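Written out below as structure tokens is the structure these notes cover.
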Amino acid sequence: MTYFTNINKIKFEGPKSKNALSFKYYDPQRIVNGQKMEDLLRFSVAYWHTFTADGSDPFGASTMVRPWNHLQGMDLAKARVEAAFELFEKLDVPFFCFHDVDVAPEGSTLRETYQNIDTIVSMIKDYMKTSKTKLLWNTANMFTNPRYVHGAATSNNADVFAYSAAKVKKGLDVAKELGAENYVFWGGREGYETLLNTDMKLEQDNLALFFHMAVDYAKEIGFNGQFLIEPKPKEPTKHQYDFDVATGLAFLQKYHLEKYFKFNIEANHATLAGHTFEHELRVARINGMLGSVDANQGDKLIGWDTDEFPTDLYSTTLAMYEILKNGGLGKGGLNFDAKVRRASFDVEDLFHAHIAGMDSFAIGLMVADKLIEDRVFDNFIDDRYKSYTSGIGKDIIEGKANFHSLEAYALTLGEIQNKSGREERLKGLLNQYLLETISELATV
Amino acid sequence: MTYFTNINKIKFEGPKSKNALSFKYYDPQRIVNGQKMEDLLRFSVAYWHTFTADGSDPFGASTMVRPWNHLQGMDLAKARVEAAFELFEKLDVPFFCFHDVDVAPEGSTLRETYQNIDTIVSMIKDYMKTSKTKLLWNTANMFTNPRYVHGAATSNNADVFAYSAAKVKKGLDVAKELGAENYVFWGGREGYETLLNTDMKLEQDNLALFFHMAVDYAKEIGFNGQFLIEPKPKEPTKHQYDFDVATGLAFLQKYHLEKYFKFNIEANHATLAGHTFEHELRVARINGMLGSVDANQGDKLIGWDTDEFPTDLYSTTLAMYEILKNGGLGKGGLNFDAKVRRASFDVEDLFHAHIAGMDSFAIGLMVADKLIEDRVFDNFIDDRYKSYTSGIGKDIIEGKANFHSLEAYALTLGEIQNKSGREERLKGLLNQYLLETISELATV
Amino acid sequence: MTYFTNINKIKFEGPKSKNALSFKYYDPQRIVNGQKMEDLLRFSVAYWHTFTADGSDPFGASTMVRPWNHLQGMDLAKARVEAAFELFEKLDVPFFCFHDVDVAPEGSTLRETYQNIDTIVSMIKDYMKTSKTKLLWNTANMFTNPRYVHGAATSNNADVFAYSAAKVKKGLDVAKELGAENYVFWGGREGYETLLNTDMKLEQDNLALFFHMAVDYAKEIGFNGQFLIEPKPKEPTKHQYDFDVATGLAFLQKYHLEKYFKFNIEANHATLAGHTFEHELRVARINGMLGSVDANQGDKLIGWDTDEFPTDLYSTTLAMYEILKNGGLGKGGLNFDAKVRRASFDVEDLFHAHIAGMDSFAIGLMVADKLIEDRVFDNFIDDRYKSYTSGIGKDIIEGKANFHSLEAYALTLGEIQNKSGREERLKGLLNQYLLETISELATV
Amino acid sequence: MTYFTNINKIKFEGPKSKNALSFKYYDPQRIVNGQKMEDLLRFSVAYWHTFTADGSDPFGASTMVRPWNHLQGMDLAKARVEAAFELFEKLDVPFFCFHDVDVAPEGSTLRETYQNIDTIVSMIKDYMKTSKTKLLWNTANMFTNPRYVHGAATSNNADVFAYSAAKVKKGLDVAKELGAENYVFWGGREGYETLLNTDMKLEQDNLALFFHMAVDYAKEIGFNGQFLIEPKPKEPTKHQYDFDVATGLAFLQKYHLEKYFKFNIEANHATLAGHTFEHELRVARINGMLGSVDANQGDKLIGWDTDEFPTDLYSTTLAMYEILKNGGLGKGGLNFDAKVRRASFDVEDLFHAHIAGMDSFAIGLMVADKLIEDRVFDNFIDDRYKSYTSGIGKDIIEGKANFHSLEAYALTLGEIQNKSGREERLKGLLNQYLLETISELATV
């Protein structure tokens, strides 16, 4: 069956195209710095937002007009798989991601849930045989069902911990079965509502125990995907334990888990934590922990996770800058953890939204590549820090200085001269590169 | 004397120029929709940030390296005037703005302060005879001196009210003398720290009395400039009375002042109030109250007024969109109420910063003009609201409907059909217009 | 049928009681400044949060354990009415509030919806004959159903406007029928998601037309309740038109609606708008527009509406201070627009929550009354502003001064002397009054 | 010389006292759980806010009326020391804290700066011989002077690193000389303005090198005080490296510094980072890193560091709860890193403010102690987590479970039962304890 009947395969038509249903900038086969754009970007569709979500919000009911709206249960689940692979092909995306409950409904027992998952996973596996689209990552939803009201691995209820373990065990089996490149842990309700009723230490100790069990089980079954933690500061809980990358890092180091995990960084989660997207990417990068990206955007004037499709070209450029500097994302990718607005309820909007996101990241890639190639910021930075390449600066870096030697040196100094940080000039350059890179490409 | 010895007149060199000290996009004589760019943009330099500010912040001392740093008192004030007109010419800006204390130091008495102002105003007037640069607006600083610790026109101390009246009287005399196109009231400390010690009603009544006196005096002396209120939600006080445009409008309406005032809207103040810049412009525009603009940008992750030079092209585009839709700013202009970062302390940075801001608004102008010319959003909106152009919708608009007729109509309706809001598509189009407009211009 | 089988009527047992299911401070018959506490506080239960809401959130399913969970449709609606009046009596609350859809399910047609409403309203009316609990206000839910995806009275779709008119017409009929003391308009989706697709002027003009029709219809049917607008800055839309009290006031004044409306002020909406609860109450009060209160609290570190039961004694004290200064709320009341946390899912928690809220406002009332009786802040403020009671200050207030007379006066002044605002002392006094008032009451 | 001529020694007069210049709740010799209140609270005066700050803000000049305002240079510095010890005695505070530049002006050379410090430190040491007031901590101001425009240990300029090393070396010498119980590192400008010009990795590596040198030097000179890092998320820089406790912990762990440092936690810095004060205390506590406290409060509606004196009794209660649970602060204390409001400019306000803060923490101590003594939250928490004390929960905690055993167990479970988190009840109890504890004390 065809679900998106009026939508043809989305093709690259170049920046002057008036066809809404075409890529203007994303050209999968275009070579950027020796690699194909599609290999550099590794886009992924988020199953939950695109196939499962219905447009409801805390103040409103479902709005999404979908060809599978009349179905229920496993019939619905199967239709979504069919629709998904149709969309993957029409958008030509190389990856997708899902939570267990996105693809298969929970049964009345855990065993029945397993069966539902098995049925759908088998169906997905069949589709994957003939599809180019692979599984970037899967995960277990451990926050929707009321059993997780107090958390999953951090629940005060040991039964919930056990149940969650069973869910992740199954998730890892599925990941192995489908060849997932990563497995993601987003905290869900791993956090607290009020300290008045919370034993934070026990909860975090338990979370670490849980992660160690997951690491052990992955080894046992030979799952080679990368484990990823996805930080978020709040929502649904008032305080999520994986607040941001730095917090996650402190946790992993404390519990000796840092070599098994990297981070899946989401733009909107970064801004909710008071950071820019690029800050979180940078922190992960310089700690060797940049694993994957949830490519979306938030609204900094809004205090909840809006999960918008990424269209801000500053954000996509600076994100791709960090990613290229990281040597790419390895097993990771750019997963559109983004939803069409509640008022964008047509099937067509799903395509407009993904096109907007893919074009925006393609632009970001091209601009970032050019900025790096021309060493625009690198040269400035090299010059800015060059005092550490000789003399007292070199001594410092090389561990040859101490407070005595530095004081002796400082006492010889007259007034210290600094150089301007040139922030306004650099921002002007960023604009010039944004516009000129694309302008030049347009004329090629 | 020459102050900016290594800086030549900044010229338009086009988007490919590698010369940092050139305009890449701002081409004053370029015709956009029948008008010169410089007439559409009406840029203004803010005297305080560019000539008076020294880079100090709550945690740090002065950093700015300026050729007038060795001077004091009236010598300093005169040097700044000389430097100002040199910079105005080198940047080719048509306007400037100042507070009284920016140009002339306070004396030990009010009378001496008046004399200082007279001396400098006379000097400025001389410069203006041969300069193209005019006074966009002036204003009185009624917040720095400790006498204003509890406010100016809203002070609990009637002496302070009287003193403030004298200051504004002088300010209006100066405005008249120098041919200012506007006179601005920014609230300064007109607000409160804590309600526990505040009579909000008396304070706001007094503020209204003060404004009426200003209106009367302007009439008396024949000052024809536009009066402007500049909203800001907080800082320096915890709660400023002119929180945002809507709050200012409620105040003006209540006290029958709305026909004498428009708004001077600052981007960073908008975001501190929880609004986008374009929101505030829109609210003012549809109420016929859009007077002028303080062109800067803030950082939405930062909770204080950062007054950065505007470089975000989304912001400049959407701002120019509102301004063009308003038929321009009339007597108003785009005043760079923006400061170089504390670490951008070279004289050269003043030029980099203004160039970045002017180029960014020039780009915004060109993109906005093209969006309007092509009716990109207009056509979509016309179609979106077309139900109000006939039938029941027309009846509603024309005041012919009431709850009875509408209920009768509603009872005949089946399921109501809405159309998608297409937000993602519109954002994609905005990006395409941003990049393609500039790309096309580059090749012209 | 009894729904809250293990809960007896909640009684006042005094501050030392260890019984969780008792009032410690709320003593309905206690006389405070000549009036009964229950008459001063006019508590109201919010039907939606207490009987309709199920604990679901954007990341999770229903958690609430309720004795009516097994029912559906009209059976469910009827059971809730029964349970409601049981709870009203057990809590001894004098008022309740509801949206139409809280009490009666929508039918498949508007006509069927009307019938459902009629059935339930008739049942409620019967209950009210023997209950002390009256209807503080009702309202129409014009945000949940997908037809309101683009707003109700501000929808781009005239059919939605008409449908909304029918809903409010019915709401006013119900208000009249049940003797509601007020009728509330909360903006719901009256706002915008993006300016790119929005005609803000037309939308606001339409909203004003809608309000005028409501005013006309209320007159026609002789509904004498107070109309209330409930401001909220954002959520569900990115920008709600009734941002805060000042914004609402500007709107009402512009469209000549100010004499027909007052404000229903919600604490959590105030803080989302960047104001304190008491600020919004003060602004409404000094403009003669303080109508009613949605008594809850938010978490200022959280960017969405958490609708918590009010327990912060500073907030309840300062709110009651404004309310007492307003001479009470007239037809308004203190409506607990508050929900038990998702993890507080027992029926018992509904009682704990209301007890906590009622005790907290009772404390606030007693402390505020004492602060006013002792003129703690009044005396300070009188002294602080006394310069306006004679001399130049009196001239200013009485309209006898102008810029000439004030300048002449100012030129005679030496250094102006201000007095300390004493904020720290006043905050210390507030703490002392909070603790000592209650301490003294405890020993009575 | 006497500076605070109209202020007598502040004495405990009990909660009913009308004397503004008395303690109502802070009774230093009162025994709380076997210890004197003054030993449990370890209050400290912040030299900078109380003796050095002048009331200026980014929009206004100095307002503070101080008896030393006519002095300059070393004369001023000496007068402040005299005044400080007078205030310490009149407030009876056991500790004080300072930055080097608070007590001694910078000289024209580093050597001269050293001399100034030596002179003042010698004077302080003399005072300390006869004073009960000891040095809680000192630190080096490495942010005010323009040389630190790009940071200190994280500056791009190696000369600045060296100069900073000399400053901290001297600071440690002073700490040793005066018997400081701690030495504090607050990040100042250790952060960044824009990533475009920043080598974050090099900067953080350098910061770690700097800390190691400080550790080495302290060992060398036998300084036994506790090293403390004071996190702050932003201000003055857009992004401070020591964002919050978790970020600081990640840094310390990465660079093997965790055994040498604890945290100095400031309430206002916590809220700027999006956390409650008690959250930061809890995170530090469960990681064994709670060192000391900067006792102040912010305004969560305000986005900058307001450094208000702490008067919120919820905050002081929950802070003291964490501190008591930590077994106290050890070498740490409660330092009033708080400033009188700019409008509270009298000398008397310094006393009002400290009294308000000390009384508020005394109340917090008494309430927290009672909550712990009665095991109000402890019992609830023990019960809430009891599933981990036997059966599968015990297996989990003891490391005996794995994904296989847990899955096997989960498959046997029916619907999982959770218990309510009772947040509303717990908040009601907190209020009851706040009011009743103090009420009971008042009658003793």
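Note that the chains take the letters A, B, C and D in the order they are written out, and that residue 1 is the start of every chain.
Criterion: contacts are C-beta pairs under 8 Å (C-beta built on N, C-alpha and C of every residue); 3 or more make two chains touch, one makes a residue touch a chain.
The UniProt protein names, listed by chain, are A, B, C, D = Xylose isomerase.
Quick caveat, the model's predicted, so the values are computed rather than measured.
Same-residue interface: chain A and chain D share over half of the residue numbers found at their contact.
Overlaying the C-alpha trace of chain C on that of chain D calls for a turn of 180°, given as a multiple of 5. Set side by side, B-C and A-B show the greater C-beta contact count at B-C. For this pair, chain A with chain B, the centres built from the Cα atoms lie 38 Å apart.
Computed centre separation for the pair chain B/chain C is 36 angstrom, with centres defined by C-alpha atoms. Contact with two or more other chains is made by residues 146, 149-150, 193, 234, 274-276, 301, 341, 343, 345, 418, 421-423, 427, 430 of chain A. Every residue of chain B that touches chain A in the complex is listed here, in rising order: 15-16, 20, 24, 271, 274-276, 300-301, 309, 311-314, 340-341, 343-346, 348-349, 352-353, 355-356, 359-360, 363, 418, 420-425, 427-428, 430-432, 434-436, 438-439, 442-443.
Against chain B, the residues of chain C that register as touching in their complex are 110-111, 146-147, 149-150, 155-163, 165-166, 168-170, 193-202, 204-206, 209, 213-214, 216-217, 233-234, 239, 243-244, 246-247, 249-251, 253-254, 273-276, 278-279, 282-283, 286-287, 318, 377, 380-381, 384-385, 387-388, 391-393, 396-397, 399, 401-404, 406-407, 409-411, 413, 415-416, 418-419, 421-423, 426-427, 430. For chain D in complex with chain B, the residues that touch the partner chain are 55, 57-63, 143-146, 148-150, 188-189, 193, 234-236, 238, 272, 299, 301-304, 341-343, 345.
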